[in-house]
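What follows is a set of structures for review.
The same subunit A turns up in both complexes below, where it pairs with subunit B and then with subunit C.
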Partner chain A sequence: MSMIRQDAKAPGHLAVLHPMRLHASALPLAERMFNLWTFTALILALAAFLIAPAFAQDATPDDRSIVAILLEWTPTLAGGFAFNVLISILSMAIGTVLGVILGVLQVSPISPIRSIAWLITQFFRNSPWLVLLFYCILLIPFQIEIGDTTIPFPGWIKATIGLSLPVMAYMSEYMRGAILSIPTGQWESAESLGFSRRQIMVNVILPQTVKRVLPSWMNLYAVLTMATPLVSIIGISDVMTLTRAALSAEGRVDLLIPMYLYILCWFFIYCYPISAATRRFERRFAVNT
Partner chain B sequence: MTWTPDQPIVSLKDVHKSFGTVEVLRGVSIDVMKGEVICIIGPSGSGKSTLIRCINALNDIQKGSITVEGLEVNDAKLDKLALRKKVGMVFQQYNLFPHKTALQNVMMAPIKVLRQNRAEVEQRARGLIAKVRLEGKEAAYPGELSGGQQQRVAIARSLAMNPDVMLFDEVTAALDPETVKEVLTTIKDLAAEGMTCILVTHEMGFAREIADCVYFTDRGVIVESGPPATFFDKAQDPRTQQFLSQIL
Partner chain C sequence: MELANTLIDWLRPDWFLNLVVFSDNYYRDRYLAGLVTKIQLSVLSIFFSLIVGIIGAAVQGAPSRTLRVLVGAFVAFFRNTPPLVQLYFFFFAIGTVLRITGENGLPQPLVSNFGWAVIALSLFAGALNTEIFRAGIEAVPRSTVEAAEALGYTRLQIYREIVLPLAIRISLPALGTNLVNLVKTTTLAYAIAVPELLYVSAQIWSEDLNVREMMNVLLVSYVGLVAVLVWVLHRWEKALRIPGYGE
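On to the complex of A and B.
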């Protein structure tokens, strides 16, 4: 690797041997050009462009404007969107806890444990989310009876579990990478102080992985949130299901595009700050490490 | 076998260690008495660091025997915690825990490993930080301290476990010249208090001043050893003479 770097400095070097990298100065500029306000303005302009013909069409029997209809449906849709957010937070919580455990098992000194953890991680990391979702719906019974108590498993809980599986797998990989990136000197100095392996992991290594995993973790959450409309396919009353219901109730063709755009804007407004914050974290920590 | 203070506190007998096919130690024997300070010097790659790491079982050995206060280190059933309570170690790269303050670094092992009372540990830790002359830096994170300061926190952290033997693995090699002295002063204070110290070092002047015995290693064996006055001025072996002429 170092040889390649040195060769690259010589005249007539091969540019392809350089690691691909954005210019450090390019990112802040792009950031300034494509900030939240520019994006919002662009989307509003697009929305106005799409909605405008609707105002011109005075032939429709329903004389309510599209904006009025959207506002009318907003409380219902907001309830659905809140459900998406709830599912995303719960899946993230379950997936994170399981993923941290699985990631720690991936670096276990006991080889069979390491292999099993690796296999589980790879299996769920390379499965389509929708298929996992279907599997959970089919495999988990709608209720479990333990003695006299019956624990119900409504669809949305099954869906939450289904979405938490890929989160777990990605988290497991992030954790493995972060643990392995901690210098071995940390292990050795803790070992020489008498810490057991488990104590080193809990007190020394895991706290140091937080900073390293945080940007990927936030990014994963944004991706997960954007994937939550998948649950509408299995009949859960999320924002997508309710949007379709609203559209069929209104029965207006000109409403299709504005309403879906409206929902897209919600996701954008919820997810964009997360990914923007992620980039800020990444840049800040890149300097430190 | 019970250990008595008239026996060597650390004893290495015919220690052999290989990494794969590379033989790093080829029969090393050293005896260290309680309160002694010994310095191990020699060219890079001669096995100095490996030797010192074997003493607290960070590296295992293939052949021979290492005992610390009568405890056999080369034993599959070794109680590592018992060994590490006796032996403290300081590293070239300090290896402080970056997410903890200086005080927390010193307090962590006694609380988590020895399960001692937090208030007592804190009092002792503050005393140790004062001892390494870092009063006022208790709340600083390692990243806010200079190399020399970090290294002194690392020494305090080891001392918090009340070891009987301290191992120093090239502890000044990564430091700026102006901070080397403060770390050496700390070690000198320790030695003066009667702590048994085993140092791997490149600081010849320091070795001459502090050591009771100097060992010269080359290619995995001890070529020559003796009290510093004899060792530095009347070296017998040509390899020692050559090494000293290059470095002094």
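On to the complex of A and C.
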């Protein structure tokens, strides 16, 4: 009773203006029975039903728990993962340097240079990473002889070069976009101060592009890191190779799902902070560009 | 000098005139079969990834908090893990466990490797599509939705007939980039022995030892496929353009 009196006193607090509320008891039985939770439970039960026989028939005398096995393999896998990170950092370094150069060439005033740079960028941007990796692995000689010195090219260096090619192309495209987004006034005022074109590019334009390119660059690094397991396909021993070796060494069917999920989590823990930071940068820099 | 000779050897155009893959019937048929598998794989993955994206984006706008968190977790997880490991997870882990007893009494996989490739790639690209569509839906003016509400549309009708058509048009450029990426990512199916373009090429070059030639044919085919997709998307974007939006 007091509620109604209060409602009546406060202007604008009429019951009819409030959003309609559904009470649990008011729902019909059918809707209380067949909601999302029931559905999820049913799916889980079905999955368990399908999966259970596989567990039962492969019960081995080996009674170590799955967590113990995962922990046992962790140092080996960590070594493999560190190798993946190393490859990603090297490819990123090579790709960034080449990409910046190619991006600057894409806005060159000389038309043939511009076209060639554009063609290279589009070509490497539109070919699949795996095909480029195959290209580098199979077609780069395993060593180059210049004069008396022999430069060896082991597989992992070829793979690093192969991964840096698409990075170069993406970086080139980001740089072109960033350079073109700098106001023309910057070019004109630098020109009027007597800077040469080269000086304008290095001292005025490129420093300003850093802020604009940074979010894309970080995202590219995350994408590159997620592409590094590809090197396992072309026969370089990385975290994926080690995982599969570990799985065949253990030979337990019930280990398959936890082990692959474990590796997925490793990558997630490495890449998620990068993409979260990217989003934060994007939001912060979006204000004053 | 050695280097210069190698370079000239690379650029020598005679392989272009005498491609085994076009002159030899056996290799040509296999290559074309690979191309067809590749196109099937791409089209199916694109189709299902769009469906995953539309459903995911719809659920992210749902009133239920649990659902939103679940879809958010799905998107974050699939965006930040390597597609290859996802594919392995589906094919080797779930695919090994998920077996049914066949007619001859032996356990058989429930889903073929082609099927797993479609599932894994659709989920991977679908997670990105969810983000893209969500951004598109957020860009639809609130007043348009309110106007539809005032006209008595239900939530589902608003989503299907007002929000989605506008959101798809807004998110087309980002969607195009993602779909091109998806077509490039279908190469990963090589890892689980789906006989697509890269796989048949690898078979051909290990039989005929014409690595350089096949490599070039392969790269040109891929660039061609991607170019076709880019062209289709461009046409689509033009056809769907809303007068007064953009430009």
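Worth a mention:
In this text, the second predicted complex is superposed on the first by the 230 of 289 C-alpha atoms of A that agree within 3 Å, B and C clash if a C-alpha of one lies under 4 Å from a C-alpha of the other, contacts with A are read in each partner's own complex, and residues count from 1 in each chain.
Throughout what follows, contacts are C-beta pairs under 8 Å (C-beta built on N, C-alpha and C of every residue); 3 or more make two chains touch, one makes a residue touch a chain.
The model shown is predicted, which means the values in this text are computed figures rather than measured ones.
Once the two complexes are overlaid through subunit A, subunit B and subunit C fit side by side, free of any clash as defined at the top of the document. Touch criterion met: A:P207 reaches subunit B, while subunit C stays clear of it. In the superposed model, A:F195 makes contact with subunit B only, not with subunit C.
In the superposed model, A:S108 lies in contact with neither subunit B nor subunit C. Look at A:L230: by the touch rule set out above, it reaches subunit C but stays clear of subunit B. Here subunit B and subunit C are compared by how many residues of subunit A each touches, and C touches more. Least inter-chain distance for subunit B and subunit C in the combined superposition, rounded to the nearest angstrom, is 24, based on C-alpha atoms. Within the complex formed with subunit B, the residues of subunit A that make contact are 183, 185-186, 188-196, 199, 203-204, 207-208. Remark: subunit B residues 56, 58, 80-81, 84-85, 87-89, 91, 93, 95-99, 108-109, 112-114, 154, 157-158, 161 touch subunit A in the complex.
Listing the residues of subunit C that touch subunit A in their complex gives 2-3, 6, 64, 66-67, 76-77, 79-86, 88-89, 92-94, 96-99, 180, 184-185, 187-188, 190-191, 198, 202, 211-212, 215, 218-219, 222-223, 226-227, 230. Residues 36, 50-51, 54, 123, 126-131, 134-135, 138-139, 141, 144-146, 222, 225-230, 232-233, 240, 244, 247, 253, 256-257, 259-261, 263-264, 267-268, 271-272, 275 of subunit A are the ones touching subunit C in the complex.
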